[in-house]
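Pasting the structures in now, so scroll down.
Next come two complexes, and both contain subunit A; in the first it sits with subunit B, in the second with subunit C.
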Partner chain A sequence: MNLGNFGNILLLVCLSASLIQSLYLLPKKIDINYKIFSRIPFFFSLFAFILLIYIFVDSNFNYQLVVNNSHSEKPLIYKIAGAWGNHEGSLLLWILVLTIFNFIFSYSKIKNLDFKKNVISFQSFIIFGFTLFLFFTSNPFIQSESIVNEGLGLNPVLQDLLLAIHPPILYIGYVGYSLVLSFAVGGMLSNKVDKEWAGWLHPWVLTAWIFLTLGIGLGSFWAYYELGWGGYWFWDPVENASLMPWLAGTALFHCVIILEKKNILQSWTILLSILTFSLSLIGTFLVRSGILNSVHTFASDPTRGLFILIFLAIILVISFTLYAFKGPLLDNKSEINLVSKESSILANNWLLLSTLFVVFLGTLYPLGTDLFLQKSISVGPNYYILSLLPITVLLLFIMIIGPNAKWQNDKITEIIFSISKLFILSLAIIFGFSIYFIELQLTQITLLTLSLTLILVSIKNGLRIKNSYTIIKPSLGKSLAHIGFGLLILSVVGNATFAQEKIFQAKVNDILILDNHKFKFKSVEQTKGKNYNSIKAIFYLMDNKTILETFKPEIRVYSNPPTVTSETSIVRKFLADIYVVMNIPENSDFVNVRIHIKPLMSFIWFSIILMTLGGVSAIVFRVRLKR
Partner chain B sequence: MSNKVKKRLIIILLSALVLIIATLLITMNLRDNIIYFYSPTELQLTNIDKKNIIRVGGLVKEDSYKYDDKTKIYSFIITDRSNEVDVSFVGIMPNLFAENKGVVVEGLAIDKASITAIKVLAKHDENYMPPEVIEALKKEGQWQEE
Partner chain C sequence: MKQLKFKHFLPVIITIVLLVFFYQLLNKDVTKLSSQLIEKPVPTFNMSTLLEEDQSFSTSDILKSDVALVNIWASWCIPCRSEHEILMLLSRMEGLDLYGINYKDKNESALNFIKTLGNPFKKIGVDRNGRSSMVWGVYGVPETFIVHKGTVIYKHIGPIHMNELEEIILPILGDIL
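After this line comes the complex of A and B, so read on.
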């Protein structure tokens, strides 16, 4: 049988099984064997995905998708990754991840069967919607219109190992929040939104958060070394699209913690669950519809955007209708004291949502002016920096105070007393730095001092002093993640303050000087790569006569599709990265070289790893405690 | 009014005030940091504030790309086939920059037909045309679907 038809049959089975399962949501509760119907879509979308990879590896140019995105001379790993490096394939991956979550959840030991079936059925409904979308607007198994012997190739910028694993990880994050929404809908349908519900939800919210954090970090890391602009975050719409669900998701899991501990804030948690997955969908819509101009270009198509928008509307209508009826009944009436752990988590919620508002406005405002005023604009990074500055200061402050407050009620004076030593220590360190090294401005001093205090306070909270220092296991995750956030702000501010950059036009044997670094332009090498030609410029970082480091920035000329890319050469040191990128203007006898000194870059990446590890250890120790 | 209700009322009013001020500040900040995009024709028709950073986009005119060895200034002309803008730029030209291809520059206008670029933006993909440039060419009736 024709492989494409086989693929279509797999998709149709996945489509119908998930539709049948979602019938349970109807008032009549059409109940079939949920174990079978929630697991079928997983196996069939997995087969479809493997089949797609197979036709890519096989370079089967009978299929339009392979023609558009692959080439027979491409290295094997990129043939495989090419399967999801395009719209259709990535959507199939999205569906696969949706079904994986449903599959794993179907094995959970939740005793409330009605609730469990509701969650599975709503998740099946989401799977149904996306499979419908895939099948009719973005079918990966469409045959090519004419006989083709060779493909167009994968965009060379995307031929990168990191970018092969980045989308799956980011998707697990995005899609993880679909199950969270299903939990919210299921909880409302079964009137089960309480402590126990929050306990069930907790590991899922964390899983989605871990992958989203890691995914955003990887994307940023890729942009840093591949785009060659020396930056790692550009406030670009595509980046913002992933940051928005992250912000809402972070607020959400803090709420889940309160709900689990104190049995309050039910309706607010539900609202955040709806918001977070909606933002995941909006993110997908923004990226896939191509209505926003981005530095990251993706295959895009307006009709696809429209479908996502309609699907988003359907999901929003369903969840909000349900919320309108059930929401007010969910809450336990109880007062929250101004100084308590609950109130600080709530304050943190509002600050995260304010950040979200700033990012949302900056991302969608250009879209609005384009649609209604026919005027193209873009929003400069200064908007984000200035707007987020006061929010970040408050957020750091609350993060220092909050974890030291007790549940229910506490005295502000006692908390301030307990952190004052570490605050004064941090202030002294930053002031000392400002006096002895480089004079800092007030905003920099504020941000650096608060983030350093946060790091120290979080370290202290993670350790308990008895006879010796021991790690408190249940709060290890929280401490790691908070240390990570403090370190992130510290290193981002440090990086912005001390970064240096200079552009040179250099001929062989020239000496280039930036700050106290001396570079010698040694030679130019030409080589042939697997599917490109390469020109490398060799630079030495010199200390009088000795060579300290060698840099080999590179230009690659690909023929399929014909593209020129610059490969950066980065030497990572503990305190700073040295980042060299070059290109060669047409008909010239010199090369253009840009050298950046990027302080604390390793700390930025390490801080993201710390946050991720914080999430992981929170799950691990939680599971342990239950046994 | 009981004490509890009073206390709540004050909290609600205060938070509303904070919210309004914050929103005002954010939107004002947004307005200050907007970068407008112009096609060469639109630039002719607009009164430009020379202190504001703007973007201009279109096609790079054939045979207009030059480099001055002494001043290290690159220069080229952006056209929408009706009007033109002279661009001068010091820095690294992007790899994908080429004559007859789409380009967007960001910088300060000198007058209605020339700009000093701070950034020259060219995108990943060689066939890629910035959406603004397509729009600008369409407005001048110069866009051909491939």
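After this line comes the complex of A and C, so read on.
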């Protein structure tokens, strides 16, 4: 039997098993052995995925997907990664992740079987929809029409290790929220949305959050070092599409904590659960249908867009309608005091949702004006920066206060007293900095002081020093994540404030000065590479007479095909990255050089690692506490 | 039983409105999507050429033409094949110069493509890894720009179909030629 047909059979089994499982959702509750039917799709989509990797590794050019996306001379690792570096393969990976979550959940020890089956069945329904989509509009196992001996995908820019691991991690995050949606639907169907429900949901929300955070971070890192523009976040629609579920998911996560502790906010938590996965789906729809054009655009096809839209409509309308009828019945009567942990978490929720709204508007508004007014507007970073600035200030403030407030009721004066020392310390540091180094503006001082306070307060909350022993608290995860967020804001603001960039026309032996850095243009070297000629300009970063660093920005002239590429030279230092890029010289003795100084870049990456670690340690502690 | 309230139906109502909006977007010609470059001068770039060994293709070439059409293509791009016929037609128009940018392609395949399907271009630049085309804001192939006296006046994403040629491209060219 040929491999493609075999692959199709695997997909069909996955499709039918998940359909059968989802029949449990019907009013008649067609009950079959959920253990079998929830696990079959996992094994079969796994086999299908392995098969796809196999035909890529084998460079089997009988398949259109391999022809379009691979090449026999590609290094093995990129042949493997090529399997999911395209629309069809990535969709199969997406389905695999959906089934993995269902598979693992089917082993959970939840006693409420009706609830468990509802969750599994709704998840199966999602799997069914995506498999249907894959099978009919984006089948990876389609044979190529003509006979070809070589593939088309030998694209050096896409041969990048980060590009290979960034999508799977992001998908685990995106898709992880599907189970959260299934939890919401299952909870509503079984009338089981309470403390216990929140406790079951907690680790899943956290897992999805960890992967999404890491995935977004990796994407940003890739853009920074590969695109060579010196930026790390471009408010590109696709970046926004991943940021929106992150914001909703962060809000959701905090709500789940309240629900687990205080048994309140049931319907709000349900609403956020639906919203989070909806945003993942909407992001997927906008990107895959080709509506949003971006660096990430896969080949777009109108039928695909329509299919996802129909599926999106079914899932969203079902969930939100269910919410309209069931949601309000779930709530416990409760009152929340103005000064308490729950009120600050709620305030944080609204701030996160406001941020979400800003991003949502910025992404969709241009599409709307284009559609209704035939006018195109562009929404740039300024819009985001100006709108998010006040929200960020408030968010930082709440994050400083909130974790120090007690549940139920607390006195604002006591909280303020407990953080005042650290706040004054931070203010003094930032003021001192402003006086001795560079004069800062009020907004910068505000943001820097608050984020520094947040870092210090979170460190203090995470560690308790007692009799010279440092005790790690179970809330370490929270502290790490909050330190990470504080550090992120601190370094983003610092980066924006102190970044420098200058373009020089330089001759050999010229001294270029940028800020307090002195660069000496030493020489130009010409060398021959494997299939290119290279021109390297050698620059020294000087300190009086000594050479501190050497930069070798390079221009490569490939002969076959004739192409010119420019290779950036980056030196990473603790406090700042220095970037040197050379432009193509045109018949002259001058070289055109661009030098960037990007402060605190390593802190930005570190802050994302901290947030991820925060999530991981929260899970670890949870598991240990349960035992 | 508690009463159903309108506010609880708000999410589903908002969702439906959004879905209708998305449906409209889907039906809209995505090729008409705006570009940041519209009404801006031709970006600065410089690349080697496909057919001549010692020449380069740069901004100055485009500035030499009163009306220029810049097409980003690749031999691996299947829609580009269908579009090529239309470019061949356009190349016969007087007063219009066509320029090509060969995007992320192999030299041999690109030459082969031109040999089999014909060369509508006055000059073809080569951008092997897609970096030089970034200044054009290229997202994928094919993409087409119309430049009038050094200003980008139109960007077309995706292949130009026959009906688009008649309804969009020719009217624009008619106005300026």
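Note that in this section the second predicted complex is superposed on the first by the 554 of 627 C-alpha atoms of A that agree within 3 Å, B and C clash if a C-alpha of one lies under 4 Å from a C-alpha of the other, contacts with A are read in each partner's own complex, and residues count from 1 in each chain.
Basically, contacts are C-beta pairs under 8 Å (C-beta built on N, C-alpha and C of every residue); 3 or more make two chains touch, one makes a residue touch a chain.
Quantities reported herein were computed from a predicted structural model and do not represent experimental measurements.
Chemist: For A:278, is the partner it touches subunit B (first), subunit C (second), both, or none of the two (neither)?
Modeler: In the superposition, A:278 contacts subunit C only.
Chemist: Touch check for A:12: first (subunit B), second (subunit C), both, or neither?
Modeler: neither
Chemist: Scan A:428 for contacts with subunit B and subunit C and give back first, second, both or neither.
Modeler: In the superposition, A:428 touches no partner, neither subunit B nor subunit C.
Chemist: Figure out whether A:305 sits in contact with subunit B (first) or subunit C (second), or with both, or with neither.
Modeler: second
Chemist: Should A:314 be classified as contacting the first partner (subunit B), the second (subunit C), both, or neither?
Modeler: Once the two structures are laid over each other on A, A:314 reaches no partner at all.
Chemist: More residues of subunit A are touched by which partner: subunit B or subunit C?
Modeler: Looking at subunit B versus subunit C, the one contacting more residues of subunit A is C.
Chemist: Which holds for A:68: it touches subunit B only (first), subunit C only (second), both, or neither?
Modeler: After superposition on chain A, A:68 lies in contact with subunit C alone.
Chemist: Who does A:104 touch here: subunit B (first), subunit C (second), both, or neither?
Modeler: It touches nothing on subunit B or subunit C.
Chemist: Counting only touches as set out at the top, which of subunit B and subunit C does A:382 meet: first, second, both, neither?
Modeler: Touch status of A:382: first partner only.
Chemist: Do subunit B and subunit C land on any of the same subunit A residues, and which?
Modeler: Of subunit A, residues 155, 157, 290, 293, 295, 297, 376, 378, 561-566, 586 contact subunit B in one complex and subunit C in the other.
Chemist: Over in the complex, which subunit A residues touch subunit B? Could you list them?
Modeler: 155, 157, 290, 293, 295-297, 354, 357-358, 361-362, 365, 375-380, 382-383, 386-387, 503, 505, 555, 561-566, 583, 585-586, 588, 592, 594
Chemist: Can you check the complex and tell me which residues of subunit C touch subunit A?
Modeler: It comes out as residues 1-2, 4-5, 8-9, 11-12, 15-16, 18-19, 21-26, 28, 30, 32-34, 36, 38, 46-50, 53, 75-76, 102, 104-107, 109-110, 126-132, 134, 139-140, 157-158.
Chemist: Give the list of subunit A residues in touch with subunit C in this complex.
Modeler: Per the stated touch rule, the residues are 68, 152-157, 227-228, 267, 271, 274-275, 278, 282, 285-286, 289-291, 293-295, 297, 299-300, 302, 305-306, 309, 312-313, 316-317, 320-321, 323-325, 327-329, 364, 366-368, 370-371, 376, 378, 557-558, 560-566, 584, 586.
Chemist: Once bound in the complex, which stretches of subunit B touch subunit A?
Modeler: 22, 25-27, 29-30, 32-37, 53, 55, 65, 67, 72, 74, 91-96, 123-128, 130-132, 135
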